[in-house]
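Here the structure comes first, spelled out in structure tokens, and everything after it is commentary.
As written, the chain order gives the labels A, B, C, D, E and F, with residue 1 at the start of each chain.
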């Protein structure tokens, strides 16, 4: 496998949107500089254009590009919190985790892991944009192996991570149609591999239909806290945040946001939509509520542009990504 | 008129989505077997491709096919309730109530009634997918004539039914532009014909604009309970459910869901949208709250695919239909 | 500059939708008669097809036509309030404020002001449909110069107005890329020109991102009441209405609704969307809550049809416009 | 039945697009003045929003409005021929032939005929925009009864007309599903009623599939000249024009253009598309080739906006309509 | 692997579109009966929902369902040729070649081959609808192994086939990113495996861009006749047909139509579009020109509905499929 | 005004699509390296996101980004000609000509000219992507001032250029609504300023409608050769190429391609579409026919993504741009 970080695009400095209209320029994530030099980067935003792990509708391979495109609509400062993630940190677009083995999922997952290991080993906090949810597994492998990029000594694995997982699905299923890896299984595999501490995992927004209740059973029996959509709808986003902070306390954590957690009107462009989901403002407020937690890495997955219309999914995804960036920035600044 | 049940498609057994990806196969409702043999069927899902009863934008004739298409995204078990409607009941796609007189509304309504009479007489609970709302009248005629398919002896009419009616419009209007039958009038006609007991009818989600307030007057003066959108927004879905259970108590009831009850962002593909409607999760939870009621038949109407985009209306309609199926399954199992 | 009111279309009487289906006829606003004779008009609805004041995506020049088109879906009477704005008032479509200088923003704003002065001087309450938000400034100039069309003697300026401003953005920014006028600055200019009394101004729905916090500072330091989206989400629409009524008390006021106040799922067709906004039913109820206030003029801005899909933005805009019309009608009848 | 011409919109003069941008104003056909006063009109463009005569997909009821909308993109002078149809003639938008009996096709056809009789009796050349093709029958009845509006004395029927008919379908079918009238039958009925002289009729662009070859048989056995799509593709548009001029020679003629004559890429928004049709430039050139013929009336039918995307069908339809207007103008000026 | 033909839908007889409107019913290919009983079938239309062989944009897995949906717009008799393929043959929808190994391309290809072998062994002529072009290889394996289903004795392989291949790409590439099988390589593999006789192969419509000219070299050096788009544009469809008939003479042949052969305006919904392609009418006429050839099997591939709009690709694909069905029917009747 | 070339993105080497799938990476034009270092560049592709020069529908400011996006679908070698423009030349994406004065057209044109002067002065051949057609004027100013970047000594103006101009409109109009500069006038201004030699200018594809025939008069009376669409349709692309080569002979020339030259089915995403235009394959072949001419600069204008659907316009534009790149490469290699 070739060197996973070999795209040589460079943006030496942050584009200044006050001087340059937002509809201009080559679209990187939030118009941040592209770099392959990891030494001066605090937070790296990374595209992961893989979707061969889906069980139904594909297209998430095109997610990173369209999220980049829509992210140019955003400005610097978060109106709700006043946070400017660029003010004290170096945020860079690291390009895509190139997929050189697009025909075998295990090969692709291996490449992603190798790419992420380099990023994490360089002390960069990775914020990944998918791509289907199977990609979370190799990222977790890389992050858990290295530990928190800020607080752990290199080489000493941090041990199992906690996780705030916002999604319509538990993604703790078992083998499906002959494959051990797919987008419905990453967190079962992660528990089995010791990458996640299930008692420090909360899953929020779970709903829809299943063919086999085993998926829910695994989440619950392993000790994960499952907040169904109905519970969230009953108790509100603030309760979910409190519950999340309680569950994940005590160590570093991963943050994974599957765009299908949102109601399909906010995110039609996704592979396995489930009716009756989270409203954008609830999602934004939940993410803001995670500020201060020791989030060491995060991903946003399952944006499938071919099923989108008018770019609404990619735009909402970019807005979610900005909130995640603010959470990571807060964690990074504190650290 | 030809035999209304003559399409001879057969699916001897339920497609197993664990063995067969959901994007494969010929799309029946929820990938259930098609049959014309009513003897072994508990719940029959029926397309009613008629839309000549509309007052403005047509297209609902294409509703059944697109709801079938989107329904293949759903799996077997309801995550919110744990119900698997296929577990103990035979659920079948009965095809469409063929429209052989597409140029006269009265002719079409006669055909639908004949088709539904066969279904109900065979002891099958009909779950109909429209099609415009004028179709509810012939279904009510068939159901009221036969009584509850489960509890009444055949031939002994059950008398007027109760009804939970979720809609943006009362649909209790009078003649319009020379026609006694149209999609804004079915329930006035049903009251006049003794098919509905208006004091056991609740209408939820009513809003928008009218040209003639007579339509509201009829609903209220006949004794129906009208829950406007503003009242629903103030009091919440749980109150609406309690009110519904109170109103319809005491006998069998019909369940009618007009997709325009939803806010147009959830259901742009409909003929007479009204801004400011019900959110999907509220609709789903209201329907779940009807579990245990003696619902003897149900319909989902006014899905107009030509005005849809990205299939969101048909997808939400399929999700509503699944909740209705679960309610019918619960009623059927108890009976 | 030519006479700004020279289009000679006439609709002598209100089209009667009970006699004429809503899909027929040439689309004026709500199918009201067009006129250029201002002498018999109470409320005039005016298109303002200008969009050269935008900072990012244009297209609002096409807003008036598509709002007219979708407004034909609405009927006469407001179901939530029972108000029929046509019952006691003469409501007319006054056509567009022709833009004869489309290549210079200042020229266009001058034309709009001249057009609006004629309207206001004739005692007509203007309800304007944009177009980008830079157009509010010349309308305010015309209205403030003339005073309330109903209560002030002509020629005696009414002095600064109050304002209820529903928007994702404060629009109180300063010069941008060399231009004093643009769609992010109208209300700073209006304060500076003495057209608005900032302590009688409330801004509701503010959110998103900014590049320069100066815009928020101006709003707050000038004395405006800023209700952010988070505050609105926390306290609800009823609180916002109470706060609005408190703030604007004591004089005539302007009502400005930027369609991007709505969540982008309700209004994708706009130039600068911000995720996580107001739901339609909340917007409708807030507007209904303004009934009885002395609103002397109003505008609805930033509908950009090229970014819309399925007409949902224009349809929701037409529904908002109808609520605004009812508020203006109530104010006018009382006066 | 009410007076068919009662909409009182007026545009006293032609909008001047050099003074007023094309994206402004209320959209009439080509931005011509609306009028109900037929005395000063040479050519009247008329919307016919009826679609209950279709056999498959409806939506053509929305055709007139969207063709009006897209027609505002056109300017005054035909670049190919130099013709300015407005230069010597009064061209007006006469509004829609209101449909007051939308639930029965025969009733609707009766209304259309009454409206057209008034138009023709006033000496106005009608250019009608549908609507489905069933509408051609009542127009032919009105025109044939009155004779050429220019050359015949009123009341003395002109006798059977010739026709240039550009379409994918012959539309000479017999009864369908119980209805004598539908959009596949108008010209069979017209021949039976003596309105058309079949030996002076040419049908161009015929293709696709049929269920019953009787429709082709009627066209050919009655004496019509059928130019199939394959023949047109082989011989070219110039031959078709020559053949048309030969066939229709000797008297006044009707011109009917079904938008489904175009290849579906040019006209996706239609009810019964047939793959492999006429390219726009061929259609334009064929129409230009009819200049000088004694065309006394014309229609453009089957534009179904709900099946359109991006307005391409309505835009191409408006462009075709402009060519038809030029042909009618040439005929009128000569007369 | 499970029995590949196990879906038990049945349509005992051809739906009669004169009795049943085309917008009704469960959509099988051309509304033909579904069956799993191969004994009475002449031509079987088969969906192959696989797309993991693509090199860029996926989505062709959804092709069979949407082609089925749009195919319901077609009627029985071919207007251009008078052929009614249902008149003397039993045409059936055999459902999909279920993909039980969706995560490995080789596994999927194995399944497809097994399914096709059963079909061919039963003497049924297979007309397959993809799905990406990698699927042609296993079909060729099955067909070549069995020989012509009509003329060869079972078990005696027919030897290499000829082929008419209409496509923008040669699809004779070598390994790509580590995979021997992908949608750009099936015909190189087929030549290598002795399934195709390259001197009896013609490729029509080749154009676009390549990264490695080796793909063209293989086609030409192996002896295939390559008709580039420019040559086709210069010489016309009739020449291409003559050339095709000359090249493939002397034995049975396969017919493969990649929808990206069409210009992207006719087929936007495909994975690797190439500008400047074949017009629909040219494609239709070329296919009609193959009538009488000994075509023993055929496929239509690369319809990717997520990239389609308004169904135009699937509609044109269904129209192409109908022409292919007529060619197969002619070959079958003669045999 | 700030330094017009200040974006510091770099791609040290051409992305290799055989190693990296085309759906990955940050989209530059054809995935070429971005650079601001002009010293090593032969051909520079430049975005010009300006659209305030339009007379009707805007949106072309978004053109460069979407053409970049779709251009990633293309590979290296031109199948029709075998040319690989990257083989012997350094082709780079130079980013956008930043617009720092977006509110005044003259200011924007000044910025573009300054940017282009730097490019041309560095000996780089500019290939510009718009943006509206008013941008051609400042590019012509820069190019004419510098002379041919390859053959002229710097500072010695080359004098008036020839031009091949493919467009639906002559764009030789005079002032419009008070503005001397707009997208319908660049070439009149260029003639007046001595930048173009009108007798060495050919305009191909002219058609549609005009309000004032003065625009045609100027083209013809100044000596330009105007090939109308009808002439092109009659004589074919080969004749147009011959005529073009004859007209422009004798000196360096500019190549300007307005995407609205194409028929609107190929390019719906443009501001002023004209029905009945050039087919893609004809446009491609005409451009290939210009190979060998001394083309010193070129532009592709009027791609308006908000009016596009499915990216077809941007995709066809990218394909046209690739042909233009090949023409420039051939001219450059020879020079």
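The definition used in the following text is that a contact is a pair of C-beta atoms (placed from the backbone, for glycine too) under 8 Å apart; a residue touches a chain by one contact, two chains touch by 3 or more.
On a predicted model such as this, the values are computed, not experimentally measured, just so you know.
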Neighbouring chains common to chain D and chain E, by label: B, F
Identified repeat of the D-E interface (over half of residue pairs identical), from C-F, B-E or A-C: A-C
A-C compared against A-F, more contacting pairs: A-F
Chain centre separation in whole Å, for chain F relative to chain E (CA means): 40
For chain A paired with chain D, centre-to-centre distance based on mean C-alpha positions, whole Å: 57
Multi-partner residues of chain C (each touching 2 or more other chains): 19, 21, 23, 55, 57, 61-62, 100, 102, 177, 265, 307, 309
Pairs of chains in contact (touch as defined earlier), listed by label: A-B, A-C, A-E, A-F, B-C, B-D, B-E, C-D, C-F, D-E, D-F, E-F
Chain F-facing residues of chain E, complex: 55-57, 176-177, 206-213, 216, 228-230, 233, 263-265, 268, 272-277, 307-309
In the complex, chain B residues that touch chain A: 17-19, 21-23, 73-80, 82, 265-266, 279-281, 283-285, 309-310, 312, 315-316, 319-320, 322
Complex interface listing, chain D residues touching chain B: 51-52, 55, 57-59, 61-62, 100-105, 107, 177-179, 182, 306-307
Residues of chain A that touch chain F when the two form their complex: 2, 7-13, 15, 19-21, 23-28, 33-34, 47, 49, 61-62, 64-65, 68-69, 93, 95-96, 98-100, 102
